[in-house]
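In the two complexes below, chain A is the common chain; its partner is chain B in one and chain C in the other.
Presenting the complex of A and B:
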């Protein structure tokens, strides 16, 4: 080889610097990835991280170099401190993901090379995925998929050796071209994604456990009730579960979804007792005609309760039924579940227990709420029986109490007294707490039951949506010979809350702005999509995969069949995707210089001088000049200038010259009508 | 670590080329045009591509383990997009042909430009291509159905026929996860002209009959019309005559032999062989700049008298090919 080595250009040795266009694209993709976490990230942290991104962009205007070490180091410490104080230890799920997000943001601060930018994008793919640890909704999935495609488009811009146009900052067209081609590639990959999703063999059992401690949980019903807790939920319209009944939907007043049963009162809060005996040891009789079968599609509540209709006949899958009628799962529900259940709405529950066994349901802390205790003691002294005492309490509520969504705060240690004698206005939890307290004080065994009431009937899908805002608390009293009887003191105050089902139907003032409006039909349809998504996509697992070919008469699809199907259909999908996307890469470039050059070619074609495929611009213009001597000078000049701007790297970046040449090419007319004649 | 690895890789590559001609045939010189088909395009992940692969694998494992289906969808989307893009990266090169390699008067000892004519024939834009040889990297874009002229710089050391060497055409477009490459090693050599002497003395004046006559003015001794050729000065174009015919014509002038200078190899006896060639080359170039006509006397033959770029090129060619 005789050609000697030319000195190595810097590009190969030093990292390739990232331009402001690429940095802006990175910032946008990072921002979009962080917004996928906006649902759970504390607002202070979210705002802080977005501010950092904005400051990094502002810095880029000021200097092409990254901020110095003495700025980055304190920023690093401050960010970590903020993550720790806002979200908590990085060992938990929330803390870990928040730390990842913060580190990615800090990475943007120190990104100045293409290599850094690419690493950031790689991290963003993972970061976007962690959003699904918090929510698996259809909308979030769409958004994260869009973020991933944008990240790939950003990779297209992060070329190590950008051509002249990208360097010259032809920003808009470059970004558009990258977005267009990446979107097309994504569309081409879509069949492959679907095939892989359906046929890729799933694990029946996880290889390792959940990576986080779900004890922190999200808002919702828990194993404790204190005044003001449930009333916080009425604005939260997150669906908790959706129910479709096999037959008729029971009447709204029967739709009590039984959750945690709280039978301990410490003077401030109601908590779960230790009634951990099994339900089937309890005397339970029901009217067979009142049995309903239904399917519950439960969201990931991160807690251990199923919410069966009051009262379930037996424990559903992966749960046990306790003697107080709560259905508790073995592990926290961290992924949406589909459960079949059966309940009876008319029943007798624990009717033949001895009164001595009910001592636990009479316990009250000695010195709490003396006035309420005196009131209830008075009823008993008047010689009332259990039923009359219940009536007395309900009548009291009915006559002088009212129901509100925004109850005034109460002193924690004498909440019942304050509610009964001072404020006299409250939410369901106040009524059930006070009622249960009065019953116990009067010697009637009683306990608090929490759960949901009613639900919203989705007209488009014929199923019931139960949301956090439907959270409810009621009471149960035990009467010898009759067993536990549900008493809902709220019904004495606000009967419409019980009869109407959804809280939004019962209390129009509870509705958020978008409920009960012209948007309702759309919201209903959207909920149908969400439900479909839950059932078909989110709940798809090893079991369903085995039943995949059920409609083709194959009961159990085995692993090797799945792999075979995956390979065959995957190859077909890939081949189609590649063929389709490569075909789409064709067509004419949108480079304005080329467009103008083609215009020039068309003009010459009119005079019968078509460009041969073998001909470069110079040869072509020479031939054209020979055949059209009248315009020879202009043609030759245009051909030379085009070749110069197009193929000489030194001139290609000269945008001014490009624009001038584009104008000249566009003005060129090969027709015999010269410009002079028009003057 | 890098130089060690590179040298090992290079050594291995050279060994393979010697021992496995069938396997390495696409690295060896071959006649033009060189058409890049799928079997001669190689593809490997980049360093970033490996990091990307590890991350996608982690995503897949995590999503499968927790049976988190939206996460699994995302992992499939990311890996599916990457897999489709591998074919786009190969498609970047597939269907390109190297039509010709030419150089405009490369002289030994000074930087010269060779122009690769690369033709796109499948109607697809090929952005972010890279033509590379030993550290020289030229990024360019190939438009759909166009032929791009890519100028590379090289430093020829000797005069005579020489190969342009093996070049690598590669691309990691679109995502930089994998890079695809192919070798362009054209057999057709390029003629390297001799190195002109740096500080050559003035043109030999003594042989001229009429000093100062080399500044010929247009209109003198008009001899006829001929077709326009590359390099003809525009002021020689016969515009009126051209307008009448459909070709571009130039005026030609008669050049009396007596007016020509003589550049004689034998008269430069004080210099040795290569130095004489070098000086003659410098004179030829000077004469061309002065648009003078001259005669070139070489040991093997006599050229001219004549003028113009064609004649100069012929003289340079003969000088380059002197033994």
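Presenting the complex of A and C:
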């Protein structure tokens, strides 16, 4: 047989063209899915993608055909270039997701058939889920749920081929109908969601945040401090952690949350030294009356520090305490976690330090900042002791320095000199850096401690929110016999920053527009919800799952028990959902009068008088009355009245009568009264 | 007594009268009157000898309408029904001699014995309420009510009415054999036909027209219309039915249900009314199909049972 006889396969039927309403719906869902990523996506890229969506819609008005190849190809290249330049390599969490978003947007550009639209929706489902790799907040979850509902509604719209009705301005009702049916389906799926949430076997460590990308650091406190780094944080009001104290909240001036301790200065930046000895070998005494217990709900900082109150008694879970009082975790914190801690606010720390360590706390690069070095050397030459030198430095700050959120830039290699003698205006990092430098130059062991100061008291939830804007840097000096003492040079310049615990009290202009306004109570409530969400939903791990099931008497759940529970309760929830969503089908309307009438029928059914589904009200009530003579009068009357209200248009509008009849139908009981009572 | 009540009273008297002639067929007689009041035509189908013609006569006599009986035979021609134009020598012109169809009530006896050509002459006149011949259109009197009888089609020497023509009849009823008691009573008394002569006209054309208007005013609520629509839809999707009910059938159902509601002294129609008339109105419009065809009446019952009443 020759190949000539083999006919070419029949060309597939022409794809069904997508209607303009459907394209608009797709664009809306795409837009919504992209905005789920607005929290991390660079603004330029976000704006560019939204502009492409808008242009695609504008194009649709101009032509029903997709833009030509010679437009699409350069657009593709341009988009890829923008993704790469804005986010970086696609082989990373951010780059990969950004690429996916960009490709989905380009897919909309070339979408002209219903099939393309379906593919786009499928991609959007995945795309909106990837938003959880970046954040797990309650608001985002709500938004993604809304996107999913919208995507399903869009699928419903895509199912209908564009027809004359859509063109004739029935778009609104079509969209409404799609939204209604999808919302109903989504509501029917809720029990299944709850069941899956409770019973789905949990991993010890949640999946989100997993592709952690060390090169894409988050803003926040790190293991390095150079001038200008902390002051950049003051307008970043991202919560870092939330604290609820078991008892009274300590005074604001004691709320120093200890983070990285920086004891090495290279002339430009303060960095972490090599203090990796164990804390419990250090001489540490505290006043028992000053011990506070508290629970910290830490956000995913992608760093290794816990921020205990200065100074923690012992290491919290999954962390160790270093000899300089930093509490570090073994792995970066990539998922929110809940940690219990205990700290003492009155303590003596490392009173008997070894000379070698002290030498480390005195090191300075040889030739840096000569003027500062000379100033400090002068104090020592005047015969001042350590305490007097500290006082001298603080007095200097107090008399001729001022505090600002926007410090002028300093030359990197002469930053301390410039700050001390020229600009004399700075943020906490400048003061602590200069102060520590001066101390070391004068022969007083000193180091920089970074962390957070204070926090915002959420009155609605009675807890403290500590944000990036609360970042702070202070100093510690070592005085023989007393150990490390916290000295906060900022307090000499702006005492209100320390006493009130809030940067916004120190510098009212720092308050963002929504702070200290009528919105504050709402922001507080919202933060309470966010915290609840973090603790109860995002943090629901294997252990909590076990505890929850344990409280219902299901002990020692193993994986197969969980799977069994999941299958059983999942099937029940699914059955409920199906029943619920099919309930409205087959013409079972939710007219309250009809519902009451069916209730009446069920009452009679208990006495064996079931209504045939094709039986009219009069026929039924007559038959029931014959079989149930004791209630015949009532049954006949109810049947007549129902028929009247339902089938006589003159009476149907009488809502008062309807309500009365509904009450009577609901009150009807076919079960025989106890004989004793009848007497 | 107001004129409205007088009309109702006369209607009841007429029905009582017919019930005295045709014994034990109360339900069918009620439907016959419903058909008359709904303004539709009636087809009575049954084996010979169960009183089809007697029933038609009784209704005719009680209704007080002008009355013509046409016995259909295989050699009956259209002009025998409609009338002919005959050339008159005196006036040197054609003069139309109206046929028996120009009466208010026509009894078309054994309609299926006539040829299709003759049948359609009648049926077209029924549909259009006018007769066109020799380029002239002549309106039929009002009210115009046809009661046709036919033998079941498996009898020899008959021409079955086409499905499309059956549609012209609002209702098709069959009388069935009388029950034992009624049959005994009938056998024991004198000839039913003789009794016909003694019947007085209880109604007249004006009263029937007025009653028809009142029937049309009977309310059909959205819920009832919904029910009727679901019946139509069910007939179209039923596996045993090749062709379901048309929208016209739906209108016929509503009209007949209104008439039955009116006969029950109600100002609004109920699903029960629709159910009473459903087999009569719908069965002859259904076209059975499928593997093992059921009878039309059976199918109509099935459709009725399959649709839920809300």
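Rule of thumb we're sticking to: the second predicted complex is superposed on the first by the 528 of 679 C-alpha atoms of A that agree within 3 Å, B and C clash if a C-alpha of one lies under 4 Å from a C-alpha of the other, contacts with A are read in each partner's own complex, and residues count from 1 in each chain.
Just so we're on the same page, a contact is a pair of C-beta atoms (placed from the backbone, for glycine too) under 8 Å apart; a residue touches a chain by one contact, two chains touch by 3 or more.
Predicted, not measured: the structure shown is a model, and the values here were computed from it.
Of the two partner chains placed by the overlay, chain B and chain C both lie in contact with A:648.
Touch criterion met: A:625 reaches chain B, while chain C stays clear of it. Once the two complexes are overlaid on the shared chain, A:399 sits clear of chain B and of chain C alike.
In the superposition on chain A, A:594 makes contact with both chain B and chain C.
Among chain B and chain C, the chain that touches a larger number of residues in chain A is B. Looking at the shared chain after the overlay, A:289 reaches neither chain B nor chain C. With both structures placed on the common chain, the touch criterion links A:63 to neither chain B nor chain C. Residues 586-587, 589, 594, 613-616, 643, 646-649 of chain A lie in contact with chain B in one complex and with chain C in the other. Taken in their complex, chain A has these residues touching chain B: 1-9, 11-12, 115, 118-119, 122-123, 125-126, 128-129, 132-133, 136, 140-141, 144-145, 148-149, 152, 155-156, 158-165, 178, 181-182, 185-186, 188-190, 192-193, 196-197, 200, 202-203, 206-208, 210, 334-335, 537-542, 574, 577-578, 581-582, 585-589, 591, 594, 613-616, 622, 625-627, 629-630, 632-633, 643, 646-649. Contact residues of chain A toward chain C in the complex are 586-587, 589, 594, 612-619, 643-644, 646-650, 652. Remark: chain B residues 48, 51-52, 55-56, 58-59, 62-78, 80-81, 83-85, 87-88, 91, 99, 111, 117, 119, 121-125, 127-128, 130, 133-141, 143-151, 153-158, 162-166, 172-177, 192, 227-228, 230, 234, 237, 239, 242-243, 245-248 touch chain A in the complex. Interface residues of chain C facing chain A in the complex, by the touch rule stated above, are 219-224, 230, 267-272, 275, 304-310.
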